[in-house]
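A short worksheet on the structure shown next.
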Amino acid sequence: MDALLHQVLAGLATGGIYASVALALVMIYQATHLVNFAQGEMAMFSTYIAWSLINAGMPYWAAFFLTVAFSFVLGVLIERVVIRPVENSPVLAVVVVFIALLVILNSVTGWIYTYTIKTFPSPFPEQPLFGNPYMSSHEIGAIFVTLVVLMLLYAFFRFTPLGLAMRAAAQNPESSRLVGIRVGWMLALGWGLAAAVGSVAGMMVAPIVFLDPNMMGGVLLYAFAAALVGGIDNPAGAVFGGFLVGVLENVLGAFVIGNELKLAVALVLIIGVLIVKPSGFFGKVHVSRV
Amino acid sequence: MTRRNLALSAALILAACVLPFVLSEYRIFQFTLVLVYAIALLGLNILTGFNGQISLGHGAFYAIGAYCAAILMDKYGVPYWATIPVAGAVCLGAGFLFGLPALRLEGLYLALATFALGVSLPQLLKYHHLEEFTGGVQGITIIKPDAPAFFTELGLPLNQDQWLYFFTLGVTLVMFILGANLLRGRIGRAMMAIRDNHVAAEAMGVNNAMVKSLTFGISAMYTGVAGALSAIAIQFVAPDSFNIFLSITFLVGIVIGGLASISGAIYGALFIQFVPNIADEISKAAPWAIFGLFLIGFVYLMPAGVAGAVRMAVARLRRKRQNS
Amino acid sequence: MALLDASNLHAAYGQTRVLHGISFSMEEGTITTLLGANGAGKTTTLRALCGMVRTEGAISFGGQRIDGRATEDIVRLGIAHVPDGRGTFVNLSTEENLRLGAYTRKDRAGVEADLERMYAYFPRLRERRAQQAGTLSGGEQQMLAVSRALMLRPKLMLLDEPSFGLAPLIVKELFGILRTVNEKERVSMLVVEQNAAMALDLADHAYLIETGRVVLSGTAADIKKNDAVRRSYLGY
């Protein structure tokens, strides 16, 4: 029982990270109907930037916020420069561009920073909170940070005019233009926010899995699974999916299939959801008219 | 095939036959791999270029073919040439089976599902319950086959690399001829109809489900055959060589070479074999950065790939000649 | 100087040419209607004015050339378009739809005041302010679309078939409000309609469009008396 609790709690911690990346994926999907295959590598690259800042002597939280800001700008740039030209191209062209982005970010990072594994600091104390045996302070902290980010995003989209405009642009670009919304820039903003959220996820996961150019590969897969389980166009669903996938991964890994096949859980989930219920738990069912 | 094309192909094949006698052993090995990749790329192209189904996980079928060959040779003493049809058959079945549920998935979602397959594959291969067969993390080593004795009797001694090259060349020719016939025939037209407008295709009487699954199977078969050949040429299979980057390499190959083009498979194979060798000199990370840049460049500037560019150049030359 | 002046507009969707040289103009404070059968090019004309379709020809608004400019910029000059099909943000609430109409405005107090005014014109919208806009009835969505456009405080409103699918009583109510808005707030209106009778009652001027060309123009009163129009479009 103890062991189960431990796995569930650890699963919630990693689940929070999956939820963040899944949220970033859903944000971009809602606006563009595209899945950003490069989301993981963008987060990884941001985490390396944070590492450089910290290594140069900057205090953790200063580096953290500067990285988030930098990631935002990077996301906007990528949308305007790389994605915009292929926005209306056939699916294959867009997928290829995403994969190219993935590959370029991965290799440039490896080139600049080499492939040696690095440690990434956690801002949370070493000792577990109240000496509890179930979760490290970092795991608790990661969940807390995830929840704060989610609440901030929710508040932004729900209560600010800009957030409203972004929601409108994602749902109905043509009507949005008719009220004066610059849809292209809303898209870029969406990418910026998604990149910023991704960077937080990267900085929260790096202390656990250690910093290396391939660290986000598995995380991305789990995030895909989470986004699909929750409904690819539903942000709350993505969050729910993230926590669910995290717990499932840990529990199944520890008790059913062994730790080696954990990624297979993601694979089975992805294929299973796509085949059985592509709209996930909470997504909208799309009917295409002939 | 026009007479000019036939002549060109014959010349090409002749040139290919001469290569092993003028190149070093290592270069012969590299060109053998070019042939292997060409088969794999033709396989992926049949699925993605001709039938419009995106696969980011074809490395999986390559791996299945490679492991088939390795396990048969290492554990059961099957001769190398017999492993090829077995690998092909296994992958045909595996591809068809994967294609069935994949029927429900379009474009992006299929890319997602195959991407997941590609990322999780090494873990599946390392699974300790399968270790008895797969050799776990260390993989399987196999012995390089010798050229058949009668060549020496003929007074034409071939070393191992040369023989492997010719063997691979033979398989490549067979696969390409079969592929060309397939694509030019009814099934090929059905594949392309589905790619261009799947609703209209169904309305015209094409059995979309059957054609799409079959295409998946055939595509997997080609890639599996290539995998088996690669295992024999490299003499080694290990889980980590079949990661997502292998699948992405294949994608690079067909985009650069040219989608929906048979000759594109050859251009692409040359690209993915030799560019990393050259780029490696600059830095370990450089090959992938170059792949990425080329991918983006080609999508923006040369969406029909090298094959498309060649076709346009030839057409332009022909028009000039007609006008003068 | 005319508020809106369109000269020799040609427009095409891909290879299909739809407008073949439409010209018309509008004075400030007037209501003009564009009449014509299905496929005549009326909707395309409105879309051309908003920069939503590739057009050749000159369009001036308040003296400035607006042809070739982006829709979002044209909106900021004071043109609000109530599109064909209403263009409601179906997943957002009624009030969110209205607030989006005022997206480009900076005067928060003015926006709040205008919101109240819209609810005064259309009390049913106030009842449904938190409701998801997609669940409103056809008539309510039309009122919402008109209100959203009015939230811009536009100088010119373009309306594409506002009577479409609505019961005659509701159309009368709606057109009555449009008349009031036009007189009280000096909002000029260009109304595209298939329902010629009601449109001619509302408008000051009218243009008749057939296959992408203007074939008849004049005051609404004159057009109503025109025999050809009576027979083809008014049914008597």
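When the chains are written out, they are named A, B and C in that same order, and each has its own residue count from 1.
One rule holds for everything that comes next: a contact is a pair of C-beta atoms (placed from the backbone, for glycine too) under 8 Å apart; a residue touches a chain by one contact, two chains touch by 3 or more.
Just so it is clear, the structure is predicted and the values come from calculations on it, not from any experiment.
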Using the touch definition up top, find the fewest steps from subunit B to subunit C.
-> 2
When you take the mean of every protein CA atom shown, which chain's own CA mean is nearest to it?
-> A
Chain pair bearing the highest count of C-beta contacts | A-B
Take the average of all CA coordinates in subunit B, do the same for subunit C, and state the distance between these two points in whole angstrom.
-> 58
Mind checking the centre-to-centre distance between subunit A and subunit B? Centres are C-alpha means, answer in whole Å.
-> 33
In whole angstrom, the CA-centroid distance of subunit A from subunit C equals 43
As the complex stands, subunit A meets subunit B at residues 33-35, 37, 82, 85-86, 89, 91-93, 95-97, 99-104, 106-111, 115, 217-218, 220-221, 224-225, 228, 258, 260-264, 266-267, 270-271, 274-275, 278, 290
For subunit B, which residues count as touching subunit A in their complex?
-> 48, 52, 54, 56, 101, 104-105, 107-109, 111-113, 115-117, 119-120, 123-124, 126-128, 199, 244-245, 248, 251, 255, 259, 283-289, 291-293, 295-296, 299-300, 303
Any idea which subunit C residues touch subunit A in the complex?
-> 50, 52, 70-72, 75-76, 80-81, 83, 87-92, 96, 99-101, 103-104, 148, 152
Give every residue of subunit A touching subunit C within the complex, in rising order.
-> 161, 164-165, 167-168, 171-172, 174-183
